[in-house]
Every structure is written in structure tokens, then in C-alpha cells.
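Residue numbering begins at 1 within each chain, and the chains themselves are lettered A, B, C and D in the order written.
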Amino acid sequence: MRETRYVKAINEALLEEMARDERVFIVGEDVGFGGGAFSATRDLLQRFGERRVRDTPISEAAIVGIATGAAMRGLRPVAEIMFADFLTLSMDQIVNQLAKVRYMFGGTYRMPVVIRAACGGGLNAGPQHSQSLEAWFAHVPGLEVVMPATPHDAKGLLKSAIRDDNPVLFLEHKALYASKGDVPEEEYLVPIGEADVKRTGKDVTIVTASRMVHHSLEAAAALAAEGIDAEVIDLRTISPLDKDAILRSVQKTSRLVVAHEAVKAFGFGAEIVAMICEELPASIRPRVARVGAPFAPVPFAQEKQYLPSAADVVQAVKRVMVS
Amino acid sequence: MTERADELLAILASMVRVRRVEERLSELFTQGKIPGFIHVSIGQEAVPAGVCSCLERDDAVLTTHRGHGHAVAKGIDLKRFMAEIFGRRTGFCKGRSGSMHVADPTAGVMGANGIVGGGLPIALGTALASQYRGEKTVTVCFFGDGASNEGTFHESLNIAALWSLPVLFCCENNDWAQFTPQSRYMKVEGVARRADSYGMPGVSVDGSDVLAVRRAAAEAVARARRGEGPTLLECKVRRWFGHYVGDPQKYRPADDVKAAKALDPIERLVSRLAGSNALGTDGMQAIESRIQAEIDAAVAFAAESPPADPADLHRDVYA
Amino acid sequence: MRETRYVKAINEALLEEMARDERVFIVGEDVGFGGGAFSATRDLLQRFGERRVRDTPISEAAIVGIATGAAMRGLRPVAEIMFADFLTLSMDQIVNQLAKVRYMFGGTYRMPVVIRAACGGGLNAGPQHSQSLEAWFAHVPGLEVVMPATPHDAKGLLKSAIRDDNPVLFLEHKALYASKGDVPEEEYLVPIGEADVKRTGKDVTIVTASRMVHHSLEAAAALAAEGIDAEVIDLRTISPLDKDAILRSVQKTSRLVVAHEAVKAFGFGAEIVAMICEELPASIRPRVARVGAPFAPVPFAQEKQYLPSAADVVQAVKRVMVS
Amino acid sequence: MTERADELLAILASMVRVRRVEERLSELFTQGKIPGFIHVSIGQEAVPAGVCSCLERDDAVLTTHRGHGHAVAKGIDLKRFMAEIFGRRTGFCKGRSGSMHVADPTAGVMGANGIVGGGLPIALGTALASQYRGEKTVTVCFFGDGASNEGTFHESLNIAALWSLPVLFCCENNDWAQFTPQSRYMKVEGVARRADSYGMPGVSVDGSDVLAVRRAAAEAVARARRGEGPTLLECKVRRWFGHYVGDPQKYRPADDVKAAKALDPIERLVSRLAGSNALGTDGMQAIESRIQAEIDAAVAFAAESPPADPADLHRDVYA
């Protein structure tokens, strides 16, 4: 184990998978010569050359199209869309093309495409550079959606995503790039679709992902001081959802808080609440609460007050603890 | 470039095959045998026939909502093609997709597209794969004049030129986009001149002269195979019928239709061959009856195939 | 009252509002010369001329940008994106620009923009021409999302949308264009944000919208024969949600079924279930079920089996009736 | 077109104002007084100053992430401009948006944009509004060479030409897009030649010669006001500093920076004026101190303004 930054863990995953499989290549804006806007692709051009690390013009639709076509012909592209907000410029290529190719064309194609993008707030980047849009993509059959919270998970999940034969939207939280955590020296994978219990507890289940995992753990620590024992489940993958992990925990605690950074309304928290309502036996009727951003764009200077915090999680837990 | 007699006959047969397939599809659609909606390219056959006559089986073709001709000329299996349009489980897409999404990767028919301009960025990827592996295969991306106004056209041609990708961007300029004449969506005459924005050669040919199409395509394909990069080839064609089968075309002046039908690429090649004895005495007859039989067999196969399997609607969402 | 087709009702709303307000204009593909892909804009070019009925090239991003900029300078654009599936090509302009202009630029602008698009399946139009994507847009602060089910509501809501000073995504169901219903001779408006109880009942609440309203009413009729008295709430507006109407009904019935045509996972049904779980008093723990499409693209030939039906609604109601 | 002395001084002052504002912003950012990140256009001042010298207050300007200069040259109130960048409630956007989204419609500064190419389609709408109402106002849309590769560039110029919209598309070609040199994202030399794809005049000028910019812009604006349609004006400029303030530019050769700084649009105009006595004896001094005072006042206003109001984060989502 060594302390490694989240962005470095991503860089290692890319480097290892490119070294391992000649079909893997990188395509995006500023990924080569510039080493990546957040330097996630640093030194890869020097290591693997122009053929496998490809700078593009500012053309987000084309970047995804390149990945889609290359996968249809047997390559394993890793595309970078610099900010998740810019995925809006690739939506047709992602949703109508990439996600549907296998289904639409009779199941003959395998589509091992990874699209990496930096999501979330925390850097005062303003309304067009701070969004969390994962719920959109989880609503699209054919896509997998991954949101790692730690360097360990970022590396292990990205390696799995690159080896996966389906399109994976890999959302990296820009406020976590500089965060540090233990990463094994030896090679490892983290499976897509498996949630991780980041803290075990018996009183309440907090289901979360990405940066909110850290706020949730902070909240759990504060709650422990008050004698409330919270379990924190890091989904890691938003689609496919690890329903069993959620159901198991909620059956134990019969209290659920879902916390995400995205706007609360129509966010992934809604799906999790609805899912447990449908799938739990009638006998269990858990108290539930959601934590998410207010119904407004991400503001520049008021970002701190806007973004969901540990305090918001604590409050939500207290709401579900009463009675 | 001069074609041998057998080549000329193959090209003629290819045009006739596309024509008869789409005539039959129109008939079947009108009889209610085909669900959804279909778009035919009757009158534009010289483009698929001419271009595909320059391609190998493992070259890649991306096509559009008006893509039957490209798939057929590229050599797709007519039976499973017809079955897909009928929505049968024996179709290439298990009946999940229909006319606008026929694909057969084994024949290099990568996939038709219901999104105008949607295939252009994908063509970059299939062409990149050839370049990446040092293969000589090329990609042909067919699209319409209307599609040349989508943002994807610009992004795709720019990158193809920048990376010298082995792509032929083949624009079928038929003067119409759905119900709207070209003068209402483009100020410039033609699409070929747009190539200059990217430092790419742009060529415009008479798209009802199949040999002109073939020669321009052959040169572009050769350039691409030599690693010298993409070409934008504009083929000026005319749409004989409506946007979709059943379109009453109230919006379209009758003489525009008349002018379109005056240009028949098949007749043009036939009269050209008349001089030589390439066609022989009953050459055309032979071609027609052979193709008639192919199509009858394909329609019979489709009609007799079981309907799409409901279970298939849940399959292949993921690998 | 007279029997009028859904598409005709839309055409009348456009005509009346254009006649009423000179700032209203129409922009989109085939809207003028061609009279509209679904003929919703028929004869408007002849009536109002080239200045106010503007055919565009096939350029979806530009169409929305035109509407946005024109609204910033005081006009009231009605843009048409032919199929809702093509909204994917306008996502940046809708989400990062149009929806955020007022907020991002200090609240000085009013943005009276309507974007009309044809959504849903039923015509065997295949995977790229049949989607229901409303949940995406309901997740975007700054947008209103409207989905009329009847000619009456289509006309009244479209007129309200055109007079509204906010961006409205107006989703017309393509399988309803030919449907008929009563439309008053005299002018009327239907307010945005108000659900409509299309059938009153006491045993179970069915919350739905657009074409599923008709399937739900059919289901309610079948259930009535079995002695189950279902209330059918037509949301009409997905964002903002008429929470009170939903809560009022569920408090009465304590059973909820949400039915929509969109893919069930991460659809608007999830938000409604989560909302009532959070907002109902702890004493009321309704049984809930969702009806939505399976997690797959909309297939061509298997569309009938894919699309949620009245039978699916009946089954869901029976699930929540037990116990 | 020859400028009167007062016009020349105004243009010079405009460039100096842009320069000093951005120097101060860089300083303040480095001191940690400004949240988020900012992009400065130092070295490119001739473009905002030259173009905006041809505009009236009610003309519309759309700008970019590198947009301070355009806003300042168009005449935005410096105090509320500075307050927005500081994230104060007195800012034009109530502190909700920051450097990349400054807007003051009353000064025709319609809004800066954080999405590369995002302003181009919007410019069609603001220009259409002028045409629709028969007003003589024009729209100027500023964007970079990198933005000219986005699909929106293509869709927007095509429609502007088709509809003869009163727009000036002003491309600041500074040879870089973020960390990447132009040779890696465009095969063609320059952006102006792309105008031909749309049947639009394309003009390229030395963007560090403010009078050359002004004259080209004046002509384009006059055309637009006469209803003769849009122009693509490319201004070749150089980026003196990094992509954002604090960018170490490891990717950039030192001599490229040196070459950039050798071209100083302000010095060029000053030396040009030296001959005439337009500047008078202490003319430059006077300009500098007046601007110094304006900026000091703006910074003081911003610094003394209360922080953004948390309640404002919930306001103005809807009208």
C-alpha cells in the first residue's frame, strides 16, 4: 500500500491497461501534448506515442463517434470529455449511437468504450463546469455509469471499465483529483456493479457515491458521537445498481438516507428510494430521506452553501431517526 | 480507368438490384406488409453501385435512413436484409431495428443510421481502426446534402483531414431534405466546396452517371488506401419519389419530379452499353430475371420467417 | 365543444398565439414550406409569412440557440425539434445555455422559449425515433416540462407555454397526434404545473402522463369491473410537479401506482415515489408500484410487447391492492 | 477610413483599459482574492478595442471564457464587472457566475460563455431579433480558433449566411487551444477561409494592428447594418500568457512566448501616434492615470462589497 492521489491512480490505471492491451488507446482534448486538463493522462503520449494518445480538436461529438467506430472495428478506446458538463455536446453520439449499437445492430458488436469525464463542484468553476448529470445516463439502457470516491476504487474500477465489453461512463469528481488514499502496489481490479460498505452500522443506511461518500463518512462519525450508528454504502456504480447491497442493509437498519451531489429532484436518489419501496417485503416500511443539491444551477460564489454537506447528511439522518 | 465488360455488367446488375429491391419494398410497404416507415433511393442507384464497385468486402460502409441501396450494393445478404425490414427474428437485427438500422458487419455494412449526420463521427472511428492496425481497408460514409449542415459534418471532416484517415465522405446531393428544397437550407451551391475548409479534396460528379461516380470513387479510395487521407465526393442526384414511401409530396412542384425521373442512371448505362456488345442479346433480360429470382427468394424468406421474438427485446442490451 | 385532433389542437394554439402576439415566431426543420413533419405547423407559413415561420437547415443545436438569443432580445420563439430523440443534439444549448441564462446572468433576462418535440413510441419508428426522455429535463433547474395527453390539454397548455416567461419543453406524443377529443370553440388556457384528476376513485392512485393516461383510464375501467376504484391523475406537467395533487390523492387511497412510457429505471416515477415517501406523514406508508418500459432501447417489431400497457397498469394496481 | 485624433485616443485608451484590468485581475487572482479560475487575453487587446470602436451601445456582443476584454471594451460598468469576478452580491450576476459569465445587457454585453462555441448559435438569435424588428443593431460573436472546430461554428455560420443575419463572427486566432497548438487541431492555415463554405465573406487581419482590426470590423458592421449579412473576421493574435492565470505553460516553447510578447498592439499604436501629436505631451500619462483610477475604484468597490448572498442561490431560476 502507498498513499496515492486520485488523479495519479487514474493515470496508473490508464498506463497499466495500455501496456497490457495494444488495442487500448486514448482520445480527447489536450490529453496528449497537454497531458490532460487535470493531468490524468500525463506522460502517456511520451510513453505510448501519437498513435495511441490522440489529441483532438474541440469536437465532443466527434470524440465519442471516434470511440464508437473504433470499438465497432475491435479497438478499446478510452475517450476523455474534459468536463461532464460537455457531455451535453456528445449526447446523440452517446445515447443514440454508442449505447444502442449492440442492441440495434443485432448483438454482433461488442462495445468496449470508456468515456471519462470530470464531474461535480467544489472548485468554484461556476454553472457550466460543475454539474453532476449521472442520473441522465443511468436512465439509458446500454450504458454503465461508474463514480469512484477513492483513489483505490478509481484505479480498480477504471481498469475494470477498460476491460469491460460495454460502454462505461466513468465520472471522476474534480474535487477529488488531489485527494489521497491507499493504493496497492500490486495489480488489482474493482468489479463494476458492486457497492462497497465503507462503514458498517446498525441504525441507519446512508447510500451515496463519489465525493458525497466522504461527507457521509464525516456525518457518520459525528452521528456516532451522538450514539447513532450509521452504515455508509458507497455505490461506486450507479448503473447497474447493486440492489442487493442496498436491500440487505436497509432490511437491517430499516432507515434509509440517500445522499448525492446532483440536484435532488429526479436524481439517482429517487430511483433508490423507489426501488426499495417496491422490493422490500410489505412488512418493512423504512423511513427515508434524500440529500441532494437545491433546484438551481451550481452557483459560483455561493457554491459552498449550495453543495450538499456532511451537516445535511446528519440532518437527514436525524429526520429518519425520529419515531 | 476503363471497365471490362464483366465489370460493366456487374455495375449494371448492382443498379438494377437496388432499383428492384426498393420498388418491391415500396410495393410491400404500400400493402402494409412492412411496419414503421421506409425511405427509398430510387433514381440514386448510380451512387451505391458506382462507389461499392470500388470496395472490398472488408471495407466499411456507414449509411443513412435512405440506406437500402448502399447495403445491397455492398453485398448484404438479401434474405436477412428483407427479414429485418419485415421485422422478423431472422433479420440482421432480430427485428429490433428495421429499415433505418440494417447492419451486417461481415459484409462491411457497419450500420444504417436514423440520425441525420449521425454516422459521420462513427466513420472516423472505423477508419482510425484501419489506420491504427496498418490495414488497407477504407471506410465510406454516405450522407445527404441536408446532413452537410449538421455540426457533425464539420467536426468529422476536420478530424479526418487532420489525421489523414482512410475515409470517403460520399454526399448524395438530391436537392431535398425531407420536405424542404435546398435553397432553404444552404446558401452555397453544392457540398463539395466545403472540403476546402478542412484542407481536403472535394469533388463533384454527375451522380446519375455511374461510371463518373465509379471513377471519382476509385481515385478517392485509392488515395485513402495509400494513406493519403480522406476525400469529399459529392454526387448530384435526384430523388424520384417522396421523402418516405407514401409521402404525397404536396410541397413539391410536379416538374421537379418530372425532371428527376428524366435522369435514369440505369437507362444511361444501358444505352451506353448498347453500342458495345457487352450486354449481348438478352443481357438485360438475364440480369432482370436473375435479380427477380433473388428478390422473390428474399421476400419469401422474410414472409415465411417467424415474427420477431419478444424475448429478443431484452437481449443484447449489454454484452 | 367540437371533436378535434391532438395535432390540430396544437396547430390552433400556434395560430392563435401568433395572431395574438407579434413577438411569437416558429423556427425548426420543415416547419414552414413542409408544414411540419407531423403537420403541426400546417398553413402557418401561408398565414404569417417567412419572417415568422422559419425553416432551418438540419441543425438542432442552432435551432435552440436561435430561440435562446431571440428571447434574450425580447422575442417569444417556438422552436420545433422534430423528434424528442434529436434533443440529444441540442443538449448543450438547452441545458447549459437556455435553462441557465436567467440565473447565470443575474436574473435580468426573461426566457419565453417553447421547444416542441414529438416523443414516445407506437409507430414502430425504432430505437432512435421513439424515446421518452422527459426525466432528463425535469432534472434540469430552469426548465419546465409539459406532456399533454388530450387535444384539450395540448391546446391549453401550449398557449400557456407560449405566454410563459420561462423555457418550456413541450413534449407531444407522436402516437396521439391523430387522436380526437373535445376542444372548446372559445379561447381557454390550461395552467402549467397543475395536474388533472382524469378519473376520481378511492382505492388506489394512478399517477401518469401523456399517452399512458389513456392506458391508465382503460386499466381503471377494467379494475372497476372487478370492484377496484382507481383515481387517475394526469400530471400534464412533469416539472414543476403538482405535489399537492399527488399527496392529496395518496392520502385518500394510501396506494400509489406511477405509470410512464419511459424506461422505468430512473424515470419520473422514481421521483414521485421518493417524494411521497418523504412528504407524507410517517403514519401513512402507502404501497407503491411503478410501471415503465423495460431496461432496453425501444425495439422496432417488438414495440407492442415493449411499451407499457393497460394490462401492466392493472397488474401493478393488483400488486399494491394485496394487503 | 481615417480616424480623428479623439477616436485614436479612445481606441488607445480602450486597449490600455483592457490590458490594465487584466493585469490587475491576474495580480488579484494570484493573491487569492478571486475564486475559481480566470482566463486573460493580454496581448490580444487590439481585437476588443478595434471591434468595439465600431459598435453602438445597443449592439449585442457575445463572448467567451476569455471575455474580459470584450466586456470592458463594449463599455461594461467596471465596478459591477469586478464585483462579479470577486463573487460579490453587487456583481452583475449576483456572484452566481464569475469571470466566465459576466453579462450586462444594458451595455449590450449579452453574456460570456464557458462552453467553447456555445455563443455562436445564440448570436443567430440576437441578430435575428434585430432583423425581425427591422432594427439596425448588429451582433458581434467573439470566439477562438479552437472554437472554430466545434459543430456549432458550422451550423451557425451556415444559417447566418442563409438568412443574411446582421452578425460579425470575430475569431481571435491565437494559435492555441488550452494546452494544444493549432497544428494539432486544424490542418488548414487560418479560419477565414472557412467562410466560403457558407457563401460568406471571410477576412483575415493582423490582430495586433488595432486600426486594421477596426477598419475590417467597420466594413463588416456596415454590411450587416445595410442588411447585407454576416462576415467572418479572423484576427491573428498571440496569447502572451497561459491558458488560465497560473498556467505554468510547461507545454509551450519559451520562444513562442517571446515571439508573442514581441507583438504589442498598444506599443504599435503608440509609436504610430508618436509621429502625429495626437497623444500630446503627457497623453499616455493622462490615459494611464485615468484608467488606474477607474480600476482602483472598481477593485475597491468589489473588495468592499458584501459577499454573495446565499439566498440568491435560490433566486432567478425561473421568472
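What we mean here is this: contacts are C-beta pairs under 8 Å (C-beta built on N, C-alpha and C of every residue); 3 or more make two chains touch, one makes a residue touch a chain.
Model, not experiment: these values are computed from the prediction.
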{"item": "Both-way neighbours, i.e. chains that touch chain C and touch chain B", "value": "A, D"}
{"item": "Inter-chain centre distance, chain A versus chain C - centres from mean C-alpha coordinates, in Å", "value": "30"}
{"item": "Centroid spacing, where centroids are CA-atom means, of chain A and chain B in whole angstrom", "value": "40"}
{"item": "Rounded Å distance between chain B and chain D, as computed from the means of their C-alpha atoms", "value": "46"}
{"item": "Inter-chain centre distance, chain A versus chain D - centres from mean C-alpha coordinates, in Å", "value": "36"}
{"item": "Of all residues in chain D, the ones touching two or more other chains", "value": "93, 96-97, 101, 113-115, 118, 149-152, 155, 158, 162, 184-186, 317"}
{"item": "Multi-chain contact residues (two or more partners), chain C", "value": "56-57, 59, 61, 85-86, 89, 92, 96, 103-104, 126-128, 141-142, 295-297"}
{"item": "Chain-level touch network, classified as line, ring, star, complete or other", "value": "complete"}
{"item": "Contact footprint of chain D on chain B as seen in their complex", "value": "149-155, 158, 161-162, 184-188, 193-194, 196-200"}
{"item": "Touching residues on chain D, where the partner in the complex is chain A", "value": "35-37, 87-88, 93, 95-98, 100-101, 113-118, 146-147, 149-151, 177-181, 184-186, 251, 307-310, 312-314, 317"}
{"item": "Complex contact set, residues of chain B against chain A", "value": "60, 62, 91-94, 96-97, 101, 103, 105, 110-111, 113-115, 118, 120-130, 132, 139, 151-152, 155-156, 158-159, 162-163, 315-319"}
{"item": "Footprint of chain D on chain C - complex, ascending", "value": "25, 51, 54, 56-57, 59, 61-62, 64-75, 77, 92-93, 96-97, 101-111, 141-142, 144, 165-166"}
{"item": "Complex contacts: residues of chain A adjacent to chain D", "value": "29-30, 32-35, 37, 55-61, 85-86, 89, 123-129, 294-297, 299-302, 305-306"}
